[in-house]
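Taking it in order: structure first as structure tokens, then the write-up.
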Amino acid sequence: MTETPLIGDLAAPAAGSALSGARIGVVTFPGTLDDRDAARAVRLAGGTAVPLWHAATELGDVDAVVIPGGFSYGDYLRAGAIARFAPLMDKIIDAAKSDAKLPVLGICNGFQILTESHLLPGSMIKNDHLKFLCRDQVLRIENNTTAWTSDYAAGQEITVPLKNQDGQFIADEKTLDALEAEGRVVFRYVGFNPNGSRRDIAGISNAAGNVVGLMPHPEHAVEAGYGPAHTGTDGLGFFTSVLNKLVGGK
Amino acid sequence: MTEVTQKFNIDTVEHAAQTPEQELPWAELGLKDTEFEEIVKLLGRRPTAAELAMYSVMWSEHCSYKSSKVHLRQFGEKVTEKMKEHLLVGIGENAGVVDIGDGWAVTFKVESHNHPSFVEPYQGAATGVGGIVRDIISMGARPVAVMDPLRFGAIDHPDTARLVHGIVSGIGGYGNSLGLPNIGGEVVFDSVYQGNPLVNALAVGVLRHEDIRLANASGVGNKVVLFGARTGGDGIGGASVLASESFDATKPSKRPAVQVGDPFAEKVLIECCLELFKASVVEGIQDLGAAGISCATSELASNGDGGMHVELTKVLLRDPSLTPGEILMSESQERMMAVVTPENVAAFEAIMDKWAVEYSWLGEVTDTGRLVIEWDGEKIVDVDPRTVAHEGPVYNRPYNRPEWLDSIQADSFTGSVQDAGRPQTPEELAAAVVELISSPNMASKDWVTNQYDRYVQGNTALAFPDDAGVVRVDEETGLGVSISTDANGRYSYLDPYEGARLALAEAYRNVATSGAKPLAVTDCLNFGSPEDPEVMWQFAESVRGLADGCQELGVPVTGGNVSLYNQTGGVAIHPTPVVGVLGVFDDVARRTPSGWAEDGQAIYLLGTTRDELGGSEWANLRGHLGGKPPVADLAAEKALGEILVNASRDGMIDAAHDLSEGGLAAALVEASLRFNTGARIGLDELCERDGIDLFTALFSESQARALVAVPRSEEIRFTDMCTARGFAHLRIGVVDAASEALDVQGRFSLPLAQLREANDAVLPKYFD
Amino acid sequence: MPRIVVDVMPKPEILDPQGKAIVGALPRLGFTSFSAVRQGKRFELTVDGEVTDEILAQARNAAETLLSNPVIEDVVNIEVVEG
Amino acid sequence: MPRIVVDVMPKPEILDPQGKAIVGALPRLGFTSFSAVRQGKRFELTVDGEVTDEILAQARNAAETLLSNPVIEDVVNIEVVEG
């Protein structure tokens, strides 16, 4: 007989102190909301979270970057549109495109900022039902070779929270075909398409696989009891993936 | 960065003294003749235009509590020393502060934004959230969650969809953008709220003891600063008579009819205030809400050393055509006022600049005992701030018990015309259960709550549809809090004294059901016009009931809000005292969800069931409102609460759900649907023990009851505890995962899929 | 096919957080010539066939009731665009 | 003071969820003459002083980079409005 899982009980943390040397930057813009949560996820995965301020002109000593969710600059114009022009974004864009291929993960608003920055193709528009929607969402990991998904099995289904108003992923047919052909559709919605996204796409990567963006929130499924009921920690793998890669590759 | 200084025909203090005969539009500003005379007496001359603006808005019902004050005193008078044990800040400040241990404290408060939400549902509801969150920040706390008790007219009324869409998306739009999880609330449909929906918003914040900030201006020479959004003409529509300081009404001004919120500005304000607190650069702080700068300056001054000197042309304006009086009254959102020592000015400015928040230094603290406001060096206000902020009029309004109440109370549901053909056969009872859970009030509220972010901040341990919202306060110790808000307007209509105690009982029970120990209370008292003696009686009775109830349960009221004049066309809403109870967990990991999930666990019903259908959901479905509401037995609530909290702490139960509206039938369905796990239930023993029929067992709304799921290994320990405490408990069934049904044995079996479909379909049917 | 364009703007006296966010961002991108920005909505209603007076009246009516919220917005322009 | 108006519309090939919702709502309100609706944005940029060619070029540039996202939107109109 299993008991109701205790919350905050991390009996089997996924990573040891071996990973704490890896430093993952977490960006804060005015209006960012999930920065503390992303930092907690990095910590729980065993890494060291480094706060990054949008106005900084240097990226500093980080091995990877998470652009968390929220409503940067209120998202009044278009989601992510203003944040994309922050000084720090120039540095992130350069580093992501450089030979070093800085791993970058954009979650929700972070994904929107990455498409506005043209690091990832396509764009997000209003959900087809026009409402903000918060739900526990099943995703399929379609590609487990990216910097952020290597700790999952290909085809694995995970449950993480989804919460947004502008989550409908769109791109023209040619781009969509190319994304599929190149294995760059990294996550797909399973069972229910929550926003009308083309081809059930929940997240994608760039060609090199170091830049990944998705609408759902893995950082909200890293602690039993504080994420989706009865699963809870399915999102931790994003963070252990990149940490293992960083430590392994160093 | 100073704005254009416009030259008006300024009504200075000097001018006022010289022109005692000047006609003033005090009646248009809502002042009674006696109130105006009082102002003249206080000042020893006629007020200036700016002073008139300040007094009129600060002495309004909304700001001065002039009709309710004499009753609200009971919350203070009925508090014992023991109840104050955990109170760090009590009634009177922006929000109360409660000690929850380990150096941590929480502050919470509920407020109304009813009328603005009727006029412009989205912005009205949004700015309601914004306002209550600023109250929490101004205590020095980080806001960590919001809740939204809502009431609408009939679900099928043509105007209801407009209000539901606007209000729900406004609350979500603002709260979600602030990064505050929404962890609970209420949605009630009743035609009494048709032209007068209730939009109450609750916020809770956490802080360390040493971080408590108060709204006072002390330290002569300290600087007064206004920061955040610019000041526009918001919320001064009715005061456009002040558009010309010489009071000629020939120049109508264009002032916004509604206020528009900017959640992004408020989110930045939150972070920037928290940085100010951390750096210890503010001495006192006050949010700007109703009455704007009038309220902030007079309250800060009167709570502090008593004097303040302000230059009003320094205020940054969005609309440069505003007059001094209008600037004082403006209710533009997302603004704060702080008191800063001269040494900290630079540090303060650095933090503002980091967050790109605009600010302007308005003046300084003095020891003159006067609030002096100048416009370009000319004195336009010179008042004793206490007379503005705290010593406004107090009314002892007449009240009397409505004559109609006796006949209403005599008309009990059992035996009424509407009770004819009471469901009895298994088929009828099964149909009745389905009818109940697909009624607007008992239907799933997912359509609403799915529009709210419940995950942000990563500390939400329970939220809808559980009995209470639970958030972790401290990651290291696992300290957490639990909150529920409740009210039942029908109960209060039948008996306002009992109704308030019942609202308290339910919120208390919900918090205990989640596993937390109840500690403190906030309330939002929504009523009709205080000028109607019958409404005033309902109000007086409700306050008396709530104050008595708090005393019986040993939980103090720490703050709240009164909303009067909720009526349309002379017809008042049901008295609706929304009560929020806050509880604490030593270890939030022990929180109890409201549904069972483990096959084979025993299901117990705690408490006694009586024939109590007055004001019930079932009677409501049959169009009956009469009789007496259920009895509020607060001693039993307390005993039940202790059992639930102990059982949770010691791991004796894995699920608990309280019984409230809809009785046992609703609770069984909800506990089964929570994790899609069925149960086998037998009710014959219960009917026999309590001397009731099966219908009453299912639909009565007797209080102090809960369902719990007990692991087999814990049954003896659990029942021993109930026995030792002399609390009625009965094993009524077992969790049966394989059945995928709610099976009331020997009577009926309802597949969970059917129940889910019936429960889920209602709101989408009306609102999608 | 002809379209009727309806332009809706926030009332001048009402706070426009969107315009405010944009006016804050423009100088950071080197666009320094704009002292204020307001953001409104533009609707294009397609008409099958000719735009009669009656249809234009419908558009006007729709603009005032559905497309704008008269409490906070003004319909600033309605015009017919061919093609 | 003169303003520069910038109109941005969703690209024709992109399904516009807001336009779709409006086109669904119109007939329910008795407006039956419109076969399609698209919702875009209208920006009004205030210029202190005269609108020079240079300022107009700035506005064009801002419209293409910040005010619209070329993946999903087109700038359909830029014009100067006096007063």
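Things worth noting here:
The letters A, B, C and D name the chains in turn, as written, and every chain counts its residues from 1.
Basically, contacts are C-beta pairs under 8 Å (C-beta built on N, C-alpha and C of every residue); 3 or more make two chains touch, one makes a residue touch a chain.
The structure presented is a predicted model; accordingly, all values stated were derived computationally and were not measured.
For chain pairs A-C and A-D, the one joined by more C-beta pairs in contact is A-D. Averaging Cα coordinates per chain places chain B and chain C 37 Å apart.
Chain geometry summary: the mean Cα position of chain B and that of chain D are 41 Å apart. Work out the mean CA point of chain A and of chain D, and you get 32 Å between them.
The multi-chain contact residues of chain D, meaning those touching 2 or more other chains, are 66-67. Residues of chain B in contact with two or more other chains: 262-265, 356. Within chain A, contacts with two or more other chains are made by residues 73-74, 76-77, 82, 85, 129. Remark: the chains found to touch one another pair up as A-B, A-C, A-D, B-C, C-D. Residues 169, 172-173, 176-179, 262-265, 267-268, 355-356, 449-461, 472, 475, 478, 588-591, 593, 597-598, 600, 651, 654-655, 675, 711-712, 768 of chain B are the ones touching chain A in the complex.
Against chain C, in their complex, chain A makes its touches with residues 73-74, 76-77, 82, 85.
The touching residues of chain A, counted against chain B in their complex, run 1-4, 6-9, 30-31, 33-34, 36-37, 40, 70-71, 73-76, 129, 131-135, 161, 163, 165, 217, 219-220, 222-223, 225-227, 229-230. Those residues of chain A that touch chain D in the complex are listed here as 77-78, 81-82, 85, 115-116, 121-123, 125-130, 168, 170-172, 196.
Listed in rising order, the residues of chain B touching chain C in the complex are 119-120, 123, 229, 232-234, 254-265, 318-319, 332-333, 356.
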